[in-house]
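Going in written order, the chains are labelled A, B, C, D and E, and every chain counts its residues from 1.
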Amino acid sequence: MSEFWLFAAGLALVACAYGLGRARALASAGGDIRALHSLPGHYGWAAVQATLGAALAVLLLARLAGWSGPAVAVAMGVAALAGLGWSLHRGTARFRARNAVERGVMGFLILASTIAIATTAGIVLSMLFETRNFFALYDWRDFFFSATWAPQFQGDSQLGILPLLWGTLYISLIALAFAVPVGLLAAIYLSEYAGRRMRAVVKPALEVLAGIPTIVYGLFALITVGPLLRDWFAQPLGLGTSASSVMTAGLVMGVMLIPFVSSLSDDIISQVPRALHDGASALGATRSETIRQVILPAALPGIVGAVLLAASRAIGETMIVVLGAGAAARLSLNPFEAMTTITVKIVSQLTGDSDFAAPETLVAFALGLTLFVITLALNVLALVIVRRYREQYE
Amino acid sequence: MTPHPSLFTRDPRTARRRAAEARFRGFGLAAVLIGVAALLMLLTSVLSSGLGAFRQTHVHIPVALEASVLDPAGTRDPEVMRKVTTLSYAKVIEAALKQAVADAGIAIDGLTDAEIAAMLSKEAPAQLRAKVLADPDLVGRTIDASLLANGRIDGYLKGRVTMDSAQLDRNVTPGQLLLADAMVAGGMMSKDFNFAFLTAGDASDLRPEAAGLGVAIIGSAYMMLIVLGLALPLGVATSIWLEEFAPKNRWTDLIEVNIANLAAVPSIVFGVLGLAIFINFAGLPQSAPIVGGLVLVLMTLPTVIIATRASLKAVPQGIRDAALGVGASRMQAVFHHVLPLAAPGILTGAIIGLAQALGETAPLLLIGMVAFVREFPAAPPEGFFDPASALPAQIYNWTQRSDPAFVERASGAIIVLLVFLLVMNAAAILLRRRFERRW
Amino acid sequence: MNDMRMPQAQTGATLSKITARSVQVHYGDTHAIRDVSVDIPDRTVTAFIGPSGCGKSTFLRCLNRMNDTIATCRVAGEIRLDGEDIHDPRVDPVQLRARVGMVFQKPNPFPKSIRDNVAYGPKLHGLAASRAELDEIVEKSLRRAALWTEIKDRLHAPGTGLSGGQQQRLCIARAIATAPEVLLMDEPCSALDPIATAQIEELIDELREHFSVVIVTHSMQQAARVSQRTAFFHLGELVEYGETDAIFTNPVDPRTENYITGRIG
Amino acid sequence: MNDMRMPQAQTGATLSKITARSVQVHYGDTHAIRDVSVDIPDRTVTAFIGPSGCGKSTFLRCLNRMNDTIATCRVAGEIRLDGEDIHDPRVDPVQLRARVGMVFQKPNPFPKSIRDNVAYGPKLHGLAASRAELDEIVEKSLRRAALWTEIKDRLHAPGTGLSGGQQQRLCIARAIATAPEVLLMDEPCSALDPIATAQIEELIDELREHFSVVIVTHSMQQAARVSQRTAFFHLGELVEYGETDAIFTNPVDPRTENYITGRIG
Amino acid sequence: ARDQVQVAGSSTVLPYAAIVAEIFGENTDFPTPVIESGGSSAGLKKFCEGVGDNTIDIANASRRIKDSEVEACASAGVTDIIEVRFGYDGIVFASDINGEAFAFTPEDWYRALAAQVVVDGELVANPATTWDQVNPDLPAQPIMAFIPGTKHGTREVFDLNVIERGCKDSGAEEELAALVGDDTGKTCTALRTDGRAVEIDGDYTETLSRIASDKDGIGVFGLSFYENNASKLQVATMNGVSPSTETIASGEYPVSRPLFFYVKKAHIDAIPGLKDYAEFFVADDIAGPGGPLAEYGLVPDPELARAQAAVADEVTLD
């Protein structure tokens, strides 16, 4: 409970700081806000920032020094009060409070951005170390160029990434080939053709697709879609008798990805200024021509972002692949055969039963790092393409 | 000049273009329908197999609470009575059930005492014990108890277990099913709304009928609080910096690509990272919502950032110019004008990101939240550090259980998760509709 | 009172290209156009004048049904192009707009290259059989819109990176590239210098040989220079409509006179 | 040649409010402003004239550093406001823009209500101590921009739903609501009828009592009517700058003369 | 300080551990322990992360801890480990309840699933497509086997006790030895990849669903799982023995795996209830024959007394 009270006390102090900062500035200006450099609220926030900043600095220091306990809380309180006192001292009418507050906000924005970088660094580092261990035990040439994936408990496994890589690309491709057209067309329909009411219902409804746990999709693939595809397509076409297939997983995953494409694209398309619409319609363009030739190019960067997000999800998905496409690593062109993906094997090797210092487990990290590098390359490619295109069009 | 063709007749080119237009529109509608149809299909299958979990079979019988068995010391002190285990309560209940069956004049051939006792859940003694310990004065009296029936009996009432399957089943006999029929007819057994499904903790394979989502719901709620409180502000802040303030150079390109790439990192890798950073390095506890929440924050950030950036990009430059022109700072232009216009996209990012975070299991696997947890975490903020489960972890867990009764419960849990998702997103969806107003 | 129909005889040789009858336009609760009836003759330049906010743009947008795209806008009344009701369900607004082109008050170039901006319409309507022909149309349109010399070296630069006046001329080039029968121009010279204005006025005069042009302008001088007929709008009503000379020299309605002499706005 | 500095004496009682020295502007590879030096006196209306695309808007946007927002735009040279270099790192562009207001060539109201559009600036700078005071500022600004009577019943309607000319006046109202020391107006009357134009010109004249106004216009008459000093731009160069009367009656440079008499564009 | 026992590891052990934890929590004053699943290996890895509040106390495993893992543990400061073997998990072969009945020998499985078999002294890709081609006594049903994926420890048992045994029994090992030299073990356990041996990376419920959608399938299950789904599955005999807790305990039925849990001795004093839980787990009333674990399908360890002693005396691995 003491934590709760500390928290409450902190909040109260912050509220005080705001009020005092504001009041102090107003008083120094004789109550006339026109005499202030910034708005009264800015002075309040500047005081809050100084108070919080001092307290957090002490906390950080304590963390680094490894101190803990009530002494730290007291020190934080003292620092906060000192910060408040200082900010009140400087918070006169001439003080550039807005600039100070904006510097603080900017600091927060930059700090937030570094979290993404830190995460990347963390991921790379956490995988790099184990990957090195893996390559100490297993020849990198076999890993990158072998077409066989066959881990064994007795050791002496064959851990070639190629069949997994192929499965990943194949399944993602099918999923995207389904989700991107469907999602994009749905987005276009919702933003350009559908009535307000339909849109208000359908858009959130489609978003539910993104929230259904993937296990449901997996079972749907396993029990419904798989046998359906086998009985209606694979067997009549003589393409095999497997119920689990790349096609099954790809299609079901495609369904899951629809909202990623549709909802984000819909927002971007809706944001395109009306004047562009009018310009095209006045030239006698039909709605679809306007959309395809004017709106979509203008909205392209956002749409590419949405598609990349969908692709990322496709690459990162496990459950649907396990249940829909099976666990067999295989290199084949036949879309009605069972295959599997890198992500699935990362999960299964990481949570599997082999000894955690064995190459069979460590390979998960090498797979993860390789996947990271590949997706990085794909993202760079996407960025370059979008840039080229933008240069042309803007 | 050639006379102009009539407006009422379509020239062939326009007719062709109109056909293309109709096709395009048709495709759009078809796409929407495909999405909606898939959703309906999935929902129907989830609802049809999961709604049963919200009703549970109970046995209603009078139970005589023997003082000699339940409070041998006679102190009526809960601390002392705690020594009496569920085994003793089980005996009391068995006796009561046999008595009730006999009183009702039900006689089924070849039904052993053990089989009659097995009509009740193994949770029943624990239920009774909790009740008695909460109110020791009940000891010595006869109370009307409503006790959980065994999962197979419940399955029989729900149509999952049949006479035929009972023949083959090691855990239930046809005789028990006949008794169940008789008890239902005699008003001693009925299906009631299953509050415990939403409030109780998990249960083992021996008593699927008692398994509930209470701990998982709280765990998920705690994690979503953390995700909402951190991922949204951090994601929006990052996007604003990158899109509105950062210099456009190699470094920011690198950051941009990096963030897009983070979205493609398999979620389990975030679990690896979370384990390394939050548990091993920062020393946070295992199985705790705080760690789960933080991992999910890292996982959701890219989604929020990508959506937000796309929307910020789409805001016309004229708006920013207008604000700067009246002397707003760039910060003010962004917060007063650009953000509100980009809000729909940001909210979409939040909706999709939260959906993803709420439904994700894999990273939780590595930080100990895919677990059997029966104790409820405390209220926040302490509760963030207590062991808890999460809805997707519970679903994942239940789908692996061997008892078929868990299939229904897993689907029920999915329904709860979807309702949770809708409730959580309702505010965002409504807000987005407001911001979507085109001026 | 708002009825400005022309007996056929009165218009001389020219026929009515567009006839509007009791047109009413509402934006939500705002009554923007009140019962306007007007005949716009063929091969003539018609000027719409009137104080800012009187409904000129709104009425202009009725003529090619551009108001369809504004959700809150409701149009009532009858508008005929060559005698055919443009609100008839059989009418395809796309075909209508191909025949009735428009230059908007605010220049709205597409975020594409200058060339693509102009080529867009001709491509849409299949007006060019080959790339060379298309290039020719683009050049000719840009020349006629008095923009060619300035931007002939930047054809592939984005149209949104032009100056205000250049954008306006780009939009004119874009509109004439599809060779519409009627061209609606909403203050096409507002951002142009006198020379460019003169060139556009020349273009309008040239267009008149084959087509009808309706131009909204705030410049009385411009109306007098380019138009044969002038309509004066005030507070959503069509106050007076007739031969330009007559309107400017001998207005019937006192409001017209007040406006022309600069007394009401 | 592009140097149009004024010896202090020449400007009479007024001081230079803004002094620009060898300003160069590039958009990527386009050289839009070539070595322009100019002194803009205080409490004076200065008109920028010149053919479309000559760089008037570009130069105007330099004066309150609005070009900072265009990624491809590079500005070189020195610009001083009251003797202080506006590119000095110590200068807060926000403060600069609060002092040097701007009306853009294309009206760009915020997608908010009319009232909020006008109230935004005063709120930002804390010019109103109370809501009533704010309402007063809004009303006064709208009145001065000659918009009040038209929209006083629709103060809460969206600013984007106004007619072109109304939007333009709204933007003027928005700009003057913050009472800037220098007001840059890029063709502020392009979409206005003569009466509204006259009212805005009156406003400009009124503003001159306390502030400097720089106005870009295509109308020679308007320049002659409202401005005391005129600068003529051509192809990115400042060709001639001086007393308005002198420029119009007795231009030095042949290009100026050609432009004024309508021979180059 | 933590007041709740934390356990992680094998998903095979999870249901047993959950049953124990539930009863433990109900009848003692200690909170119910938290039991994570995620796999034996993952559990042991966590176990070996170190000593302290934020590390787990017990690792469940469906295999013995490996030497390399003991070393890793030691280097992280986890030195005193108490090993407790509390029973066995039987591994059974089952097919759809309405299909044909099967009586297998390991040899049948080897012949059906080996990637390559010796035909007329030559190594050829396995040609068998139906069970009767492998063994004329079996029904003429297409071969479709759902076997555990390589992430599962059960696969190791399957490879060793069924396939390799079958390889030996059929005499194929000697023939192979002649053809490929020393490397027979690997050739023996290499399984066909033409879709007839389907690896399951999920769990037994997935195998069950697969049999539901492909009635010809024969799946590998744990005994307890089968017993809970006896109304959907029929079990095959192995070497003529039908799997049950008794036949497995007696060793008659050949395919089973031992189940363990490992206790971190250093935590016993720090975590309340840790030792009580361990003792409770191996008590006769719980893990013995007739106890709740056996009721669920555990094959009780015939040497349970040894486990009880190990816990009571805190006997550590050396």
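Criterion: a contact is a pair of C-beta atoms (placed from the backbone, for glycine too) under 8 Å apart; a residue touches a chain by one contact, two chains touch by 3 or more.
None of the values given here were measured: they were computed from a predicted structure.
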| item | value |
| --- | --- |
| Touching chain A and also chain E, the following chains | B |
| Shared interface partners, meaning chains that touch chain B and chain E | A |
| From chain D, the most remote chain by mean C-alpha position | E |
| Innermost chain, taking as reference the mean of every protein Cα atom displayed | A |
| Separation of mean Cα positions, chain B and chain A [Å, integer] | 21 |
| Centre-to-centre distance between chain C and chain B (centres being mean Cα positions), rounded to whole Å | 60 |
| Chain centre separation (chain A, chain D; CA means) in Å | 45 |
| Chain C and chain E: spacing of chain centres that average the CA atoms, whole Å | 83 |
| For chain C, residues that touch 2 or more chains besides their own | 94-95, 98-99, 106, 125, 161 |
| For chain E, residues contacting two or more additional chains | 38, 42 |
| Overlap residues in chain B, where contacts from two or more other chains coincide | 17-18, 329, 341, 365-366, 399 |
| Pairwise chain contacts under the document criterion | A-B, A-C, A-D, A-E, B-C, B-D, B-E, C-D |
| Complex contact set, residues of chain A against chain E | 150-154, 156, 219, 222-223, 226-227, 240-244, 322-323, 326-328, 330, 337-338, 340, 344, 348-358, 360-361 |
| Chain A residues within the chain D interface of the complex | 32-34, 36, 38-40, 96, 98-99 |
| Of all residues in chain E, those that touch chain B in their complex | 2, 4, 6, 8, 11, 14-15, 17-19, 21-23, 25-27, 29, 31-32, 34-38, 42, 46, 49-50, 52-56, 97, 203-205, 222, 224-225, 227-232, 292, 295-296 |
| For the chain D and chain C complex, residues of the former touching the latter | 27, 30, 49-53, 57-58, 105-107, 146, 150, 154, 161-166, 169, 186-187, 190-199, 218, 220, 259, 262-265 |
| Residues of chain D that touch chain A when the two form their complex | 92, 94, 124, 126-127, 129 |
